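Both complexes shown next keep chain A, but they swap its partner, so chain B is in the first and chain C is in the second.
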Partner chain A sequence: MDIITQANDVAVRRMLTGDPALVDVVPAIEAIDGLKDRMILHAGPPVAWNDMCGPMRGAVTGIAVFEGWAENLADAEEQADTGAFEFHPNHHFDAVGPMTGMTSMSQPVMVVENRAFGNRAFCTINEGLGKVMRFGGNDLEVLDRLRWLRGSFGPAFGRALRHIGGLALKDLIARGLTMGDEMHQRNVACSSLTLRALAPAFAATSDDNDALSRALAFIGGNDQFFLNIAMAMGKSIMDPVRDIEGSSVVTAMSRNGTEFGIRVSGTGDQWFTAPVEMPEGLYFPGFTSDDANPDMGDSTIVETIGLGGFAMAASPAVAGFVGAGTATEAAATTHAMAEIVHTENPEWTIPSLDYRGVPTGIDVRYVVETGLAPTINTGIAHKDPGVGQVGAGVVRAPLACFEQAVRALAVRLGIA
Partner chain B sequence: MSKMVTQVREGFFLDSVALMRISQTIAGLPGVEEAALMMGTPANKEIMAAAGLLDAQGEAATGGDLVFGIRAEDEALAQVALATASDLLFQPRTSSSDAATWQPKSLRTALPKLAGANLALISVPGDFAGAEARKALYRDLNVMIFSDNVSLVEERALKAIAAERGLLVMGPDCGTAIVSGVPIGFANEVPRGDVGIVGASGTGIQEVSSLVARAGGGISHAIGVGGRDLSSAIEGASTLAALELLEADDATRHIVLISKPPAPEVATKVMDRLSKSRKEVTVCLIGGGEFDAPVEIRKVDTLKAAAMSASLNAYFPEWNTTNEAQSVPPQRTGVRGLFAGGTLAAEAQYVFLAAGEAVSSNAPIPGGARWVNGHDGHVMIDLGSDEFTRGRPHPMIDPSVRDSPLADALNDKMLGVVLLDVVIGFGAHEDPSGHIARIVEATDQSDRPVVVASVTGTDSDPQGRAAQERRLDAAGVLVAPSNADAAELALACLLSG
Partner chain C sequence: MSSNALKKLLAEPPKVVNVGLRGFADDLVARGVETVHVDWSPPAGGDPELADLIAKLDT
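Moving on, here comes the complex of A and B:
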C-alpha cells in the first residue's frame, strides 16, 4: 500500500511539475522517430484494418490519397485490404490524434516540449468543424484543407512559434479554465488566447498578406483550434509519468472506435482494453443516435491530465449534453472525478468551485473501488466513412479496463 | 408537402449546447420533421443546408446571428414550432439545488470533510463488509459493522487488526451502540450517565439501557460486540477491548456485560479480566446457568436484574405481578411468546424455566427445548431469526412479520396468554404498538387469550414509551414495565386461572 502511494506521489509530482510549451510545427516525418512511408498512425490502442470502424476506414483511405499512396478512395481501400499500409497507435510514437487520429509522413505536426523533462509530443493541426478527416471525412474539400495546412498554414504556424521562442501552455490553460474552457469540448477561450499571443508573430514572419489573413481567420474561426494543442500538451505531460514501479496512476486513455484502452504507470506499456461505449449526447439536425459511431480518439489524454470531463465545473454548458445541464450538475461531475484521483492541481483551478484544483492523477484502484468511471467529453462521428461529425456528448470509460489494470498491477507487485 | 420556415435574429448569441437542447425539443414537437437553432457560422450553415433547413435569409446570416430553421408538415405547425422555439430561448432556467452538495463516495474523500471523525458505521452486504472495515481500520477509525453474513475467519482477522492498532470493532451483526451519548443503529434516547454496557446483543443493550434510564440513571457508553465475540473462535476480542475502554473511562462507575452463554475458556478469560476491574461489575449471561465468577462480580440472569444491579436508585414504580394478572379459563393452558428481540425471547424462556415451566423455542436457551411446528405447551418464538427474516426486513422495522403468527395465536383455543415485546427507539417502526393493537382489536374479544406485552424504550424516543403503552392498554393488552415482568405476568395469569 505504501509502495503504491509513494509511487503515485512521484507520478503526480511529475505531472504537476511538467512545463509544456508549444514550440514548433514540422512535417511528421521529421518530427516522429520511426515514422515512414506508407505508415499510418491512428487513435487508440492497436487495431487491425479489418477491425476498424467506418470513420477510421474512411480516414485511412483519405489519408492514403492525401499522401499520394493511392489514386482514389477505392484504390486506397483495395490496397489496405492487401496489407499495403502499416498501422500503429499514435501513442507508440509520442503522438496523439483526435477522433480517427490520422498521422502520416507529410502532415504538419505541432510539437509540444515538456521543458521540465525534455520530452516532446506531437499532434496534427485541428482542421476545424464540419466535414473533417478526424471524423472520417475524406472528400476533396477535406483533402484540400489538409493540403493547405501542409503547404501554407503549417509552415507559417511553425515560423510564428519559432519567432516567439515557443508558447508556454500551463498558464494559458489556467486562464482558459477561468474563462469557461474545459479543453476538450470547450476551447474557445484558449483558442482566442492563442490567437492573441501568436498573431503578431504570424505577421512578423509573413510576407504574404493574403496567406496571413487566411491563417489568422482559420484560427479565429475555429473554436476547437486549441484542442489538438491541449492533446499534445497532455501527451507531453503524461509520458514522463510512465514506468514508475508500483504506480496505479493512469498515463493514457484512448479509443480507436472499437476498443477503449488505458495504460497505467506501474504496468509499463501494456494496454488494458474493453469494448468502447456509445456517447450520450445531442445531434446535429438530420442525425440521431442511430447514425453515431462508438467513442473514438486519443483526445481522452485531456481527461488523463484532469481537464475535459474532469474540469466540467469550469464549463457548465458542456453538462447540457446529458441531464439538465445545470451548473450544479457540472460541479457534481468534477466532484465525482475528484473521488478517483490522487490529488488536485493547485495551478489549474476552477473559480466556481471556490478555486478548487482540477482532479489530477487517475488512480485505477479508486475507479474500481467507487465504480465511478472517468467522464469524458467527446465529439460524435457518423458511423459510415466519409460523413463526419454528427453530434457531441459525454461518455464513460469502461470499468473493465480499470479492473484489468488493478489485477495486473497486483500481480506485478506480488500481492495478487 | 412539408413546409420550411426560417428566422434570423441578428446579434443574438446563445451557447451552442443550449441551442442544441432547444433544437432537440423543437424537433420532437408534433408535425415537426427537422429543426435546428444555430449560430450562423459558415460551418453551422453548411450543416443546416445539408439538413434542408437553410433558405436565402438563413444563408445571409453571420456568425453573430442566431438562425432558426424548422421544417414541418405544414405552415401552421412550422409556425407553432417557431413560436415555441422563441419562448424556449427566454424560459427561465431551473436550478437543481438538491445536487448542490456533493456527498463523498469514499472514506478517502469523506474524512477530510469531517475532521476528528473516529468511528465508521459499515452497512453493506456481508461479502464486502470486511473490505470496507479494513479501509476504516487502516485509517485509524473504530468500526461498527452492522452487516451480517461476515465469516468467522474475517471477523477474527478484523479484530486482530483492530487490536494491533488499538481500535475497537463492534460487530459484525452489531445493531446497537451508544457512543458518548450518540445512539447508533437501533438504540434508545437515554441520558448520559455512569453505567457502561458491553453487549453481544442489540435488544439486550436496549432493554438494559432503557431500564437504567427509567430508574433515573444514564449510560456512559453502550458497546455492541457482535453475537459471536465470546465464541472460542473470536476469544472475546472485542469484549475485552470494550472492557478496557470502559475501565479507562472516568465517567463509567458500573460495567454491565450482557451475553449469551460464552465458550467456557472464553468465559474464564473474561471473568479473569473483570475480577481485576476497579469498577462495579454486573454480568448477565442469559440462561448461562452455572459459571464461575469471582465474588466481586454480581451475576444476574435477567436483563431487568442487570439494570437493577447497575442502578443507584430504587427501581420501578409500584408493580405487583399478582395484582395485574387476569385469570384465564382452565382449558387454555399454553403461553405463546412472539418476540422481535432475540434476547428478549431468551429472557422470557429463562423466566419460565426458572419457574419450573417447560418451554420450547426456535432459539432455545440451555434447558429449553427446540420448538417444532405444532408443538404444544409454552413456546417463545424469536421472529428476528433467519427463518422469518430471509428476504424481508427485521420485525423491529416491519412489524407485519408478526401479523400472521399473532392472528393465529389469538385464535388458538389452547392458548391462555400471548406474550409480546415492543421495541421502540431509533431505527424501529414508527408505531409498533398501534400495529399490534389493530390486530388484537380485530379479534373476538370475548374468547381470546390474554395478551401481555412490555415496551423496550424511553419516553424520549421518537415513538414515546408512555404513548406506546397507552395504545396497547386501550386495546386491552396488559402492559408490564419490563420484558422479565411481562413473562412473570404471563405465568401469573395462567396460575390464577
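Moving on, here comes the complex of A and C:
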C-alpha cells in the first residue's frame, strides 16, 4: 500500500537523520519526568510483581534497599508483596535499561540528546561484569558499587561530558563497526573510543587523583561500558519514529524476562507481547542451560536501530562468543536481517560486506511474510535472584508479536 | 527440450536446486551431488489468513 511505503520512508528518514549525542549524567529524578519516590522502572513491557522472573525480583528488592525504602532484602520483598512500590516500563518514561533494567530516583542516568529532533533518552551506567544488578545481583558488593556510581563516578562523568559539550555518537558508532563492535555483546572498540575522548575531560574537571584514577580504570576495565550509551542512543533515535500513521516499522523491542514486547510506529504505543524465549548460547564454566533465565532487557533497542544481531557480520568475534558460529554464518545473519527491513544505513557500514549498510527499519510485514524473526545477541542471567550472568547467546524475537502487530495495523488501515 | 539435450541431462551427473527443506539438500550434498539450496518457506508460515492480510498490506 502506498500509505505504508510513504509512512515507512518517513520513519527511516527520521532514523537516519537522527543526531544523538551523550550530553550529561544526572540523577534520574531530575532527568525523567514523572519518576517519583517508590517508583521502579524495569525492562520490557509492563509486568506485575507476581509475574516477575527471579532476577527481576532480585533486582527490585536490591534497588529498594539501595534507595532506602527497605531495611533489607526480606523487608523489600514483603513490601513488594503488599504493593508498596509502583512498577512501570522504562520505555514509558523515555528510558531504557539492560537486563532487569532497574531505574529509580537517585541513580545517575546518562542523557542522550537527539539533536535533530530535540528529544532526550536516558539509561543508567553500565556496572561492569560479574555480580551486578542488571543480572539480578543484590548483595552488598552490588549495592556498594551502585553507591559509588551515584556519589562519585556519575557526577564526575557528568562534569566531563559538560566540559566537552557532549560526545557525538553517530561517527563513533561508524568507527566502532569498522573495529569489530556490533554494540550489543561486543563494545570493546566503542568503550575504548569513549575513554579516549573523555579521559582528558575527566582529568580537567577533577581535583582528586584517586577518584580520577578509579573512574578511568572503571571505564577501561569494562568492555561493555558503551552498551548502555548505545541503548540510550537507540531510544533517542527511535522515539521520533513513533506514531507515524500507516508505518509498519518497529519502534521498540524489549523483554522483561517473562514476555517479549514490540511497538510499531503505525499502532502508537500499544505493546504486542508473547512469552519470551530462551537464549541459545555458551555458558561460563560451572553453568548450563538449566541455570538460565529466559531472555530479558531493553537492550534490544540496539537491534531495533540495526546494530547487535543485525550487524553480526561486523563482529565475527562476537559470533564466536555467543555461539552463533563462524564469520560466514555471522555474515549470513546480517544478510537474513536485511530481508526484513526497509533500507540500509549508508553511514553505518560493514567492511566485510563490501561496506554494505546495517539493516535499518524492521518492517513487521516482512517479518511475518518471511518467517525471519529478528536475531538478538544477548547476555544470559541465572534464573535465581542474586547470582548474576551465566553466559551469552542468541535469541529470536517471537513471531507472535509481529503477527499481532500486522493484524492491528490492518485494522487501523481499515482492511481487516 | 531437444532429444540431444535430454540425453545429455540423463548422461551427466545431476545438478540440483533444492527449494524449501534443507534436509533434502544436505542428504544430496552428503552423497556428493552438486546442490544449491534455496531458503524458502510459504508466506506467513503457511497461514492463509495471515498471508492474505500481508498481501493486502503489500499492494
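To be clear about the criterion, the second predicted complex is superposed on the first by the 412 of 416 C-alpha atoms of A that agree within 3 Å, B and C clash if a C-alpha of one lies under 4 Å from a C-alpha of the other, contacts with A are read in each partner's own complex, and residues count from 1 in each chain.
Everything that follows uses one rule, which is that contacts are C-beta pairs under 8 Å (C-beta built on N, C-alpha and C of every residue); 3 or more make two chains touch, one makes a residue touch a chain.
The model shown is predicted, which means the values in this text are computed figures rather than measured ones.
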Fit-or-clash call for chain B and chain C when the two complexes are aligned on chain A: clash
Touching partner for A:Glu369 - first (chain B), second (chain C), both, neither: both
First (chain B), second (chain C), both or neither touched by A:Ser265: neither
Which of chain B and chain C A:Gly320 touches, first, second, both or neither: first
Partner with the higher number of touched chain A residues, chain C or chain B: B
Which superposed partner A:Gly128 touches (first chain B, second chain C, both, neither): first
Touching partner for A:Thr304 - first (chain B), second (chain C), both, neither: neither
Partner chain(s) touched by A:Ser247 [first = chain B, second = chain C, both, neither]: neither
Which superposed partner A:Arg407 touches (first chain B, second chain C, both, neither): second
First, second, both or neither for A:Glu329, with chain B first and chain C second: first
Chain C collision site on chain B, chosen from 277-285, 331-339, 457-465 or 475-483, when both complexes are overlaid on chain A: 457-465
Residues of chain A at both interfaces, chain B in one complex, chain C in the other: 1, 369-370
Footprint of chain C on chain A - complex, ascending: 1, 4, 248, 365, 368-371, 399, 403, 406-407, 409-410, 413, 415-416
Chain A-facing residues of chain B, complex: 15-18, 20-21, 23-24, 27, 34-36, 41-43, 46-48, 50-53, 63, 69, 93-97, 99-100, 102, 104-106, 108-109, 138
Complex contact set, residues of chain C against chain A: 41, 43-45, 50-51, 53-54, 56-59
Contacting residues of chain A [partner chain B, same complex]: 1, 128-131, 221, 282-286, 317-318, 320-321, 324-329, 331-332, 335-336, 338-339, 366, 369-370, 372, 391-392
